[in-house]
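Just dropping this structure here.
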Amino acid sequence: MTGKPTTDELKRFFTRDTFANYVGIELLEVADGHATARLELKDHHLNGVGIPHGGAIFTLADLAFAAASNSRGQVAVAINVNISYLKATTGKALIAKAHEVSCNSKLASYTIEVADDEGEIVALMQGMVYRRSTKTG
Amino acid sequence: MTGKPTTDELKRFFTRDTFANYVGIELLEVADGHATARLELKDHHLNGVGIPHGGAIFTLADLAFAAASNSRGQVAVAINVNISYLKATTGKALIAKAHEVSCNSKLASYTIEVADDEGEIVALMQGMVYRRSTKTG
Amino acid sequence: MTGKPTTDELKRFFTRDTFANYVGIELLEVADGHATARLELKDHHLNGVGIPHGGAIFTLADLAFAAASNSRGQVAVAINVNISYLKATTGKALIAKAHEVSCNSKLASYTIEVADDEGEIVALMQGMVYRRSTKTG
Amino acid sequence: MTGKPTTDELKRFFTRDTFANYVGIELLEVADGHATARLELKDHHLNGVGIPHGGAIFTLADLAFAAASNSRGQVAVAINVNISYLKATTGKALIAKAHEVSCNSKLASYTIEVADDEGEIVALMQGMVYRRSTKTG
């Protein structure tokens, strides 16, 4: 693709993310430094005490982060991610929303909020990417 | 279980971690604030550019962290995790080793190193747990 | 003090923060999980390459974080802080704004944004506190 | 300076770090990705409850991190730092030791441990730098 990718091109790009597919994450929206992803919670997303696994919550937030950071048309790879777990949810689904805080030629920074289907914030993530000189797609 | 759980009891406890099982993570060792976990890399662990997904690496490190932090016999829940991604590996498996840096009655802190099967460090994690008054198991 | 402290009581409490005073930080506002602090940049805030020192930026953000997290009337101590440095500013002053993302009986979580006097975001912080059973003041 | 700076050249470089000087931090050692710094605790390092301020502890650890990451001869700027506070010390001095975990042409990663003069670990830091193409010195 040339120039800035369209939302459809970005969604297609992320259908190749086999781990996110395996976990069951759906990319709902992506454009201009923002993205939204959703995970319908099933038994295989739980941990030993029966609540959503930190790794599942992270992977959902990470997909929104990856989509947002790659939406500018330049390949972005995560270099640092910090996640705070705020609440053990009993909801049926989780939604992650990523938005860009800053972006320069080499580095960009994002915050990602994960909420359950009752609107409660479950986790808060802060992530940084290194932007390669190659194009997304 | 009463008192400090044995390694076998802890391993049994983590067989109930359905997400870690689903991802394919194996808990190799756990005792006294330390733990080691392993992930044999398969196609479903990759991201859109064909390298191990940040979420898969995180989930591996997170299991070692969870095992180490629950090994004292008191339930520990992750409250904050920071991960730095250091290298895009082409290895066939990943090993995560967690060790305890500090532990008091309410909070404990761990570092987790993820290396590939060529001995290269792939990611470095720092995690903190809140220790509940309930017992593990 | 009894019940929830007033803004004046909180400001008085933070005049006892000798390190923040020594650095030259001013607490502008604090109430209900939010706080704003300001640092007028002087020569002693710079690092070896002549830009504001990461430690000075951190200390400014940390004061806003401490004020916001202690504003509920219960003593809160920082347990984890993550900071991303986004831009090397050439401004004359920095402003940090903290806001609460979640708060339960034991733990609470905040984001703190540091901007320069030209409105550019310089740093982004995510912090977590442990809330003691003692009262602020 | 040309090539890899000597320890004396690096120490001289950090005498220009006016904020670290103002806080009272001493750089003890620096070479090959490692560094040690010390802070003798005085009244102006305390917070409102009379223990060492998170910002003072951070600034100490940050100087060891900056020295270690600049020791390779290439200018390194902090882009992300995560710090966990593990213990409220009553010691008279703090020592921070930084060591390099990984280093490539653009990015490098460090862990920094802060202990008091009784050998207790007070804080644990994980930091990442972006390495500019300019030389240190």
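Letters A, B, C and D mark the chains in the order given here, with residues in each chain numbered from 1 onward.
We take it that a contact is a pair of C-beta atoms (placed from the backbone, for glycine too) under 8 Å apart; a residue touches a chain by one contact, two chains touch by 3 or more.
This is a predicted model, so every value here is computed, not measured.
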| item | value |
| --- | --- |
| Chain at maximum distance from chain B, centres defined as averaged CA atoms | C |
| Contact-richer chain pair (by C-beta pairs counted) among A-D and C-D | C-D |
| Intercentroid distance (Cα basis), chain D paired with chain A, Å | 32 |
| Euclidean distance of C-alpha centroids - chain B vs chain D, Å | 28 |
| Centre-of-Cα separation between chain D and chain C, whole angstrom | 21 |
| Where chain C touches two or more other chains, by residue | 79-80, 82, 84, 107, 128 |
| For the chain A and chain C complex, residues of the former touching the latter | 80, 82, 84, 86-87, 101-102, 104, 107, 109, 111, 121, 124, 126, 128 |
| Touching residues on chain D, where the partner in the complex is chain C | 13-14, 16-23, 43-49, 53-56, 58-59, 62-63, 66, 75, 77-85, 88 |
| Chain C-facing residues of chain B, complex | 79-80, 82, 106-107, 128, 130 |
